[in-house]
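Pasting the structures here.
In the two assemblies presented below, chain A is common to both, partnered first by chain B and then by chain C.
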Partner chain A sequence: MTRLVVGPFNRVEGDLELTLDVADGAVAAARVSAPLFRGFERILVGRPPEDALAIVPRICGICSVSQSMAAAAALRAAMGVTPPPNGGLAADLAHAAENIADHLSHFYLFFMPDFCRAEYAGRPWFEAITARFKAVEGSAAGDLLPARARLLHVVGILAGKWPHALAFRPGGTTRAVDLGETMRLVATVAQLRRFLERTLFAAPLDAVAALADPAALNAFAEASSSRGGDFAAFLRIAGDLDLQSLGRGTTALMSYGAYRGGGEPLFRAGVFDPATGEVRPVAGADIREDTSSAWLAGGPAHPAEADTHPAPDKPGAYGWSKAPRLAGEPVEVGALARQVVDGLPLARALIDGGGSNVLARVVARLVEVARVALAMERWVGALDPGQPFSTAAPPVSDAAADGLVEAARGSLGHWITIQDGEIARYQIISPTTWNFSPRDSAGVPGPLEQALVGTAVGERGAGAAAIQHVVRSFDPCMVCTAH
Partner chain B sequence: MAGRTFEVLWLQAAGCGGCTMALLDRDAGLFDELRALGIRLLWHPSFSEETGSAVVDLLAAIERGERPLDALLIEGAVLRGPHGTGLAQRLAGTGRTMLEIVRALAPRAGCCVAVGSCAAYGGVSAASPDPMEATGLQFEKDFFGGLLGSDFRSRNGLPVVNIAGCAPHSGWVVETLTALAAGALDADGLDAHGRPRFFADHLAHHGCSRNEFYEYKASATAAGERGCLMEHLGCKATQSVGDCNQRSWSGGGGCTHAGYACIACTSPGFEDIRGFTTTPKVAGIPVGLPLDMPKAWFIALAALSKSATPRRVRDNASADRTVVPPRGAPPGGGAG
Partner chain C sequence: MDAPRETFYDVIRRQGISRRSFVKFCSLTAASLGLGASGATTVANALETKPRIPVIWMHGLECTCCSESFIRSAHPLVKDVVLSMISLDYDDTIMAAAGHQADAILQETRQKHKGQYILAVEGNPPLNENGMYCIDGGRPFVEKLVEMADDSLAVIAWGACASWGCVQAAKPNPTQAVPIDKVIRNKPIIKVPGCPPIAEVMTGVVGYVVTFGRLPELDRQGRPKMFYSQRIHDKCYRRPHFDAGQFVEEWDDEGARKGYCLYKMGCKGPTTYNACSTTRWNGGVSFPIQSGHGCIGCSEDGFWDKGSFYDRLTNISAFGIEANADQIGMVAAGTVAAGLAVHAGVTAVRKLSGRDDHHPHA
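On to the complex of A and B.
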């Protein structure tokens, strides 16, 4: 048995450290550590409730709108207001733009460059993939970055800027866009479709959203080999390296339900049990955060009753992240969970038998891009520039509420308690807190820690690309994890 | 920019990564632009291929002075907590705190740049009660000194260059780096808080699309209304530096254009505002008045302009869109 420490771990949001026990050339046990703690849950206490809208986006620069949406949802529940239809649509559009930008950043900037590592020299695809995806230097970033910047004009037009806008409020959004700005949104969403259909998919969005099973996916990959497309290039690598067998996860998959601006969510909420193939409702009352392996004091508690107190000398702890559990069990969240819970046949088929995996996580993320881009076109069409975007929200002096949303990386929850017009308690569980949770009091590892077990590292040890693929397939956001 | 490249190392201390994300808001694509400018990222945590031991080796070579470094760019505050240990942030794989690493690397860099208000002054990471004892590189909130001390100067003789903002405009970052690479930024180019004057010699108020409402003190009273945000809704644009309203943010118009207050994010200590979107008042008069305006004059002018407010401006101020359009000049431009 050899113990390896991996870090700094880059091309993720933030930093993380892995400790791997390796035996017979494969990972026998893994521990993941969140090395940064800023203390947002302490910073929020004592402030006026609406000040959360200025503070929480700054938890995370890559999922800033998601943090705003969770706080706005919690305050909305506390105040009992409902935004007018335009406000819900505008917030969903901005949120969708951020989420698609994040998915694209993950694929092009964070995940694909690992296939350009020297370890893969000699593979038939290596030279073409290196020319395309080499970090910073490859041609793909030159295509992606201008397209991504244009996509985020959606947030600029509707909310002033990205990241860290103060436009997302309990009563709606603060900018009533006029007809001209609405037409700019039409143009921006059309440019997104053009990038996706020419560069990422080399196929119509509808065709990507309709891919029904692994056979259709294979046919898509092979048919695209002549006409190009970065998605198909990935699929061919995934076949060669058998990424469907890598990074297996067997926990339940959870989604709080996504894009609720129009009432019914675009992607429904639920918990998918891989053993039975059934979806049950999310029982929020069954969420606990366990601090056994965190440098934090306190026992397991529901986030509406929990607190956050550093205990840096705590024996046995190995990071700043708490370990959230749903009815005592770890769960995996993210685009794959959202699509599986929503019932997308392709997503269900890709985890059938062996559980979640690197291929399924990446495919679900990109198919979700196609599905959300199509929804954005409908939402822009539904905006009514003659109608209001926000409604008055009354001040609130005493309340307890939660705001549960889906960020790009998965389920994000804020729990707020307001007393005498001030925030008395504020707790946050971010997607990567679920996915990269440490061990709990029963010694049960978190989803990533489980998914790494069995990964073959061979003679490369800590430097094996397989480790990089498994970790990055979750698209971790470490600044959110311990916040 | 033929010839030598300007080599920069970017490290993320205690922040949200938003400064990096904001930097990607470049029409031409950031990487192509930096290449054209001759600026090379020796390593950036979000973009570079190198990971793990390759990074540890690079940092060690810089620290020993074997690898020259033109600029050290720090994003995020430096955490000294808990209890002065710095253990609130370790760099993974090194067993060392970011506190120790930044202190060790700063003297080796040609220049030190704080990207964003956290690295500059502590920012939101230092927000009250400042749980992890955060500081900026050379300021702790409004106090000169910070992590590196008031005597610190980079090898090029400059104090820490503070690209304040939460997050800063991508142009502020790219233009500052371009100026540093060209040797065009000297101490006179920085204001008293270390901010490059090319953006800090303006007020965020300059160019605000609500200027006519400001002139007449026709104020919005609720989020979403078109009027001036200063009197009731917390806007600090008349007291905060930055050419914010003279630039495009994410292809849109920026904070005040989008209907919410300037929260003074380029200023030390902005994170400790209570009531970001509510204007504190004493006897009905806003406490925070424009930086260099005598209070009595402001009150007199406000009273005068309020009494002269046209109905168009007054009615539009309390609506979420223009309800009374301006009457245009007659066709042909002439009278009659």
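On to the complex of A and C.
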């Protein structure tokens, strides 16, 4: 048995370190550490509740709208207000733009460059993939970055700037777009479709959203080989390297339900049990945050009753992240969880048998891009510039509430307690806190730690690309993890 | 023994960027820097003849919003050229290497370009618990930061974190996060505040520094004058409504739809020095005030602990606001310690920027 440290990781949001125990050329145990802590949960205490709307986006420069949406949802619940339809649509549109931008950044800038590593030289696809995806030098970044910048004009138009927009309020959004701006939104969403249909998929969005099973996916990969498309290129690599067998996860999959601006969520909420294939409701009361392996004091507690007290010398701890558990169990969150819970046949089929895996996570993320892009077109069309975007939200002096939303990387929850008009307690569980959670008091590892076990590293040890694929398939956001 | 060092132009051409694009880039850079009609030639000449200045980009306690802003610079050409130009010899977020290989590149660049590279810092060091709140490659970030700064030519402090501390330094500042000039005392530091800074401001600053090999003219707080010499309020398109006493009273009310002033909603535009109301965001699409929300003053020191973001400013008068950034900076640097730090920073910067000491804010 040898112990390896992998880190610091590049092309990851924030800092990340792994400790791997390797026996017989495969990972026997993994520990993931979030080595960065800022203390937002303590900084928020004592401030006026609505000030959270300006502070929480700054937890993260890539999921800032998600953080804003969770805070707005929590305050909305505390105040008991409902935004007018325009406010819900505008918020969903901005949130969708950020989430798609994150999915695309992950695929192009963070995930694919690992296939350009020297260990793959000699594979039939190596040269083409390297020319396309090599970090900094590949041609893909030049296609992606302008498209992504244009997409984020959606947030600019609706909310002033990205990242760290301020326009998202409990009562709606502050910007009532006029007809001209609505037309700019139409054009911007059309540009997104053009990028996706020409460059990423080389196929119509509807065809991607309709891919029903692995056979259809294979047919898509082969049919696209003549006309290109980055998604098909990935699928062919995934077949060659058998990424469906890599990074297996057998935990339940959870989604809080995504894009609720129009009332009914676009992707429904629930917990998928891979053993039974059933979806049950999310029992928020059963969430606990365990701090056994974190440099934090205190026992397991529900986030509405938890606190955050650093204990940097705590023995046995190995990072700043808490270990969230649902009814005592770790759960995986993210685009795959959202699509599986929502019942997308392709997503269910890709995890059937062996559980979640690298292929399924990446495919679900990109198919979700297609589904959300189609929804954005409908939402823009539903905006009614003559009607209100915001409703009055009276201040509240005492309340406790939660805001549960879906960020690009999965389930994001904010729990707020307001006393005498000030924030008395604020707790955050972000998606990567779920996925990259450390061991709990029973010694049960988190989803990534489980998924890494069994990964063959061979002679390359810590340098094996397989480790990178598994870690990055979750699209970690480490600054959110420990916040 | 050394081979001649590559120029920027060599690098740019090697990246497959055409001469035509290069010339266009030079014009854009010159325009954004306010260099006038002959500026493009000056920029082009510098890039063709000077050796490329390596840039090392480090991340401390932060949220990566600065990188996000940077890579989204409005003009894709600017972004491409700047990226090729500085090559980001070391950048955590986008580079290819991982693990100890990445650390090795960092050390190699440091030794090879000793005293010649620009260190760009995003985020800041936490000092509590001996730096344990931000461990990078098994070592406290603060150690790595000081080490890398020691061998640099100059330091760029990206964003509110590196410049002032930002929200992680808000009370009670659990990690004792401090701006980088609290730990880097021996190098000129240019502060590019904002949360994040505007993409065009970032590319403008880095473009200037790598083109001319020195810092642009700075104000007393260490900010580049070309982007931080005016209040948001000075150039705000809603300013006539402020002067006319027409204010938004509630989000999305009738006044909001007419574009009235957001002063009563807590707008900090009158006391905030930044280019938002002129350059705007996301490629000139909008900025926070245009979205119907007040400015929170995210480029100002201490913006996170000045009362609620929604409190009305009480220290401005309707007409004749005649303080400039340097005077406000003098007031802000109230304590002896802070005063000394500012002074030390200014002295160091003067050496590099060659500024006329007798007219610090002409």
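As a convention for this text, the second predicted complex is superposed on the first by the 483 of 483 C-alpha atoms of A that agree within 3 Å, B and C clash if a C-alpha of one lies under 4 Å from a C-alpha of the other, contacts with A are read in each partner's own complex, and residues count from 1 in each chain.
Note that contacts are C-beta pairs under 8 Å (C-beta built on N, C-alpha and C of every residue); 3 or more make two chains touch, one makes a residue touch a chain.
Nothing here was measured: the structure is a model prediction, and the numbers come from that model.
Undergrad: Sharing chain A, do chain B and chain C clash or fit in the superposition?
TA: clash
Undergrad: Just chain B (first), just chain C (second), both, or neither: which does A:L16 touch?
TA: After superposition on chain A, A:L16 lies in contact with chain B alone.
Undergrad: With both complexes superposed on chain A, which partner does A:I55 reach: first (chain B), second (chain C), both or neither?
TA: A:I55: touches chain B and chain C.
Undergrad: Return first, second, both or neither, reflecting whether A:R361 touches chain B, chain C, both chains, or no partner chain.
TA: A:R361: touches no partner chain.
Undergrad: Classify the contacts of A:G156 with the two partner chains as first (chain B alone), second (chain C alone), both, or neither.
TA: Both chain B and chain C are touched by A:G156.
Undergrad: Check chain A for residues that touch chain B in one structure and chain C in the other, and list them.
TA: Shared contact residues on chain A (touching chain B in one complex, chain C in the other): 5-11, 13-15, 17, 35-39, 42-43, 47-48, 50-51, 53-55, 58-62, 64, 109, 113, 116, 134-137, 142, 145-146, 148-150, 152-153, 155-167, 169, 171-176, 295, 310, 312, 320, 388-390, 392, 462-463, 468, 479.
Undergrad: Report the residues of chain B in contact with chain A in the complex, numbered from low to high.
TA: 12, 14-22, 24-32, 41, 44-53, 55-56, 79, 81-83, 85, 87-94, 123-125, 127-129, 131-132, 134, 166-167, 222-224, 248-255, 257-261, 263, 265, 271, 273-278, 320-321
Undergrad: For chain A, which residues count as touching chain C in their complex?
TA: Touching chain C from chain A are residues 5-15, 17, 35-40, 42-43, 46-48, 50-51, 53-55, 58-62, 64, 109, 113, 116, 134-137, 142, 145-146, 148-150, 152-153, 155-167, 169, 171-176, 295, 310, 312, 320, 388-390, 392, 462-463, 468, 479.
Undergrad: Spell out the residues on chain A that touch chain B in their complex, using ranges where they run on.
TA: Result: residues 5-11, 13-17, 33, 35-39, 42-43, 47-48, 50-51, 53-55, 58-62, 64, 105, 109-110, 113, 116-117, 134-137, 141-142, 144-146, 148-150, 152-153, 155-167, 169, 171-176, 178, 188, 295, 310, 312, 320, 388-390, 392, 462-463, 468, 479 of chain A touch chain B.
Undergrad: Hey, which residues of chain C end up touching chain A in the complex?
TA: So the residues of chain C touching chain A come out as 15, 59, 61-69, 71-74, 76, 79-80, 83, 87-88, 92-99, 102-103, 126, 129, 132-138, 166-168, 170-175, 177, 195-196, 250-252, 256-257, 276, 281-283, 285-294, 296, 298, 304, 308-310.
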